[in-house]
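In what follows, chain A forms one complex with chain B and a second complex with chain C.
Showing the complex of A and B:
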């Protein structure tokens, strides 16, 4: 098996592109796809301060690595969700990653700020864990970006993630969501930061290969609270289709961006945003879902302070 | 496990409806779903002459059984595709089915009419077998319906079939197809018969259960030419999703009919039909694809005569 660029020994096969690469040309391909995503979707420039939402998983750490290698100003934010051993280990991996590269990592901790982790919050609020977690992370990442003057929030969502979300939205014909799923979510409120997904052109497997080749240590297991999550079910179904017909995932998601999405442009998407009466963050109801959650666990409001590590 | 209607012993479990039925109440449910499909989609009335496209598989025979039990005037048409043993056995099953119930079955034979079966046609025309087969069946069923004065052509497509087609159309964002996939295809040309799918509310498994309970003998294996067909791949993916979340298939397909399809109404669907210069059947080019296929196998035109069996 030979690299299609240099005819040297290929290490990685990409059936969806009908390509094989040696380690160096795979890296080149990987950087190229991220750069293409950034330019094509006008994600950010070299003047922007970017905050990367890091979890300790491969995607977010790979994203951070690529952005700094490409010369962007990118800091990280890790939120400790208080999921016992899993959180301890993923936090340590983020800290080690940042330390080795002299990068700036911010840390927030739910047990410190809210007095409990996701499990406790779910019990008190009677929300499923993944739902509480999603709500809290969306809120904190957004608010932190604003308060600490980041112009863009970047997340590690890859092609598999985006295709799985799209499949879920399609299976339920969630036309509002179908009208706005995108690798770039512009700010449509004074208190909403622009959000981007620079890995949307790369698969989970490609991100894992990149992590391996660049010796990036990451947490291997899925979050223990996410077992049976519908996103994993959709990913499995897409992996099955991909196996039978390489390129299915990119055809599905990129095809949606190119020719599917426009059909949903007039769908009701319910995003007339106002400012939360308590915290001034964007919301569709008077008191935002996060402040309602705080009330349920007996808190009035929180302040964010970064417990930064390194640099 | 008790029947939710009579509390007698349930024989069939329908997770997607959260229901269990005894044999009699399952039959009642099955007839009810077909009647609902016919009425809701205005498929046909008791005055119409209906032609059922029968293949020897469970779906088409079950459909024929249900239509005659409900009192509709429904005859069958079997096309012998010349797929050796498979065609012999499926034809025999259709003949036995019609004979036992004193129903009128028309027979057409590709080897008789065209001098060869699907395999030979595919070789001569260099089309994949499933593509030749689809083209020929669509043409012959339509033309036969018109020449023998049937107002409606009914096919055995079930919920699994329709959901798999929809998944394929969605994965490729075939917006033209997405604008017109339907349990009812109205006639939009003088030479085009109305086509309906009265089993679209019932799954493959339910049709198989109905066949079992009503002692309908049918051919069990898939067509030997269809191995690896993409429709089977999509069905497997949907079965996996259904297993993890019962009701997924109906939510996907019925949801499309209810709230998804409308978004594609202005998609380019390329169905400005004209009459074929040779056979006057509907086409989008001067000579229809079927007449082009005839030319490639050295034939000028064909005439249809029913080699009817029983009654």
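Showing the complex of A and C:
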């Protein structure tokens, strides 16, 4: 099998693009897709200070690698969720990644800030672990970005993540979520940072292939709390369709952005964001969900200070 | 050939003949969209042949909660 660019030996076959690439031309393709996403969706410029939410997984580390190679000012933020050995290993991978490339990595720790990890929080608040985790991460990434003067928060969501979310939201007719799903979430409140997903044009397999070819070490195991997550079921279903009809995931998600999203715009109307009475972060009720969570675990408020591993 | 499965559950298989990657994945009931096939420091596509003496790893690419 030959690379369609140089006729050298191809390592990657991309049926959805009817393309085959050698390692070098696959890298070129990958960088090109990220650049296209950034420009097409007006995500950020070279003057912006970008915070990358890193987890130790392939997508976030690949995103950080690509952004710094393209010349953007991108720092990382890792949140230690206190999930025993899994958190220790994923944190070490982020630290090693940053150290090798002389990048600035900020560290926050739930056990340090809240006195417990996700498991304890989940038990105390009677919320499922993934729900607590999502709420806490969204809050901390947003608040940290603002307090440390980042203009944009970038996450490693890829095409598979977005297509699986779209499938889940469609199956349950979550019209509010459908109206908001986008590669760019603009700031619509004084205390809300702009959020972007520069990998939305690339599949999970392409991100994993890029990580392998660029020798990016990432955590291979799944989060122990995510076992049986519905997103994994949706991803497998979509990959079954993709195998039989290449391009399905891309047509589903990109097609939704182009032709479907407008039909759900009304679902967003009428929701006014206000400032939380306690922390001033955006919320739709008087006290935001994060401050309510703090109350349940017996805390009044938290202060953010980066335990930065700046090189 | 030796096939190390890095997906969950981890496992190891042996095939006694030269085979195409697509055939190996079919035998193991794996979707090419959900895995990467690795030989040494190179990635293999579904069209590549794997020799009887080769050792390959198959790694899941799916993550998320």
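The working rule: the second predicted complex is superposed on the first by the 307 of 311 C-alpha atoms of A that agree within 3 Å, B and C clash if a C-alpha of one lies under 4 Å from a C-alpha of the other, contacts with A are read in each partner's own complex, and residues count from 1 in each chain.
Just so it is clear, contacts are C-beta pairs under 8 Å (C-beta built on N, C-alpha and C of every residue); 3 or more make two chains touch, one makes a residue touch a chain.
Note that the structure is predicted; figures quoted are calculated from it, not measured.
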| message | Going by the contact rule set out at the top, does A:173 touch chain B (first), chain C (second), both, or neither? | response | first
| message | Contact-wise, after the overlay, does A:7 reach chain B, chain C, both or neither (first, second, both, neither)? | response | neither
| Just chain B (first), just chain C (second), both, or neither: which does A:259 touch? | first
| task | Using the superposition on chain A described above, determine whether A:59 touches chain B (first), chain C (second), both, or neither. | result | second
| message | Which partner chains sit in contact with A:240 here, chain B, chain C, both or neither? Use first/second/both/neither. | response | both
| said: For the overlaid complexes, name the partner, chain B or chain C, with more touching residues on chain A. | reply: C
| field | chain B versus chain C as contact partner of A:204, first or second or both or neither | value | second
| message | Let me check the overlay on chain A: which residues of chain A are in contact with chain B and also with chain C? | response | 236, 240
| said: Taking the touch rule as given, give the residues of chain A at its contact with chain C in the complex, in rising order. | reply: 1, 10-13, 20, 23, 57-59, 130, 133, 160-161, 164, 203-205, 207-209, 212-213, 220, 222-223, 225-226, 229, 231-232, 235-236, 239-240, 242-243
| message | Under the stated contact criterion, what part of chain B meets chain A in this complex? | response | 170-173, 175, 230, 233-234, 236-237, 240-241, 244-245, 248, 251-252, 255-256, 258-260, 263-264, 267
| For the complex, which residues does chain C have touching chain A? | 6, 8, 31-36, 38, 42-48, 59-65
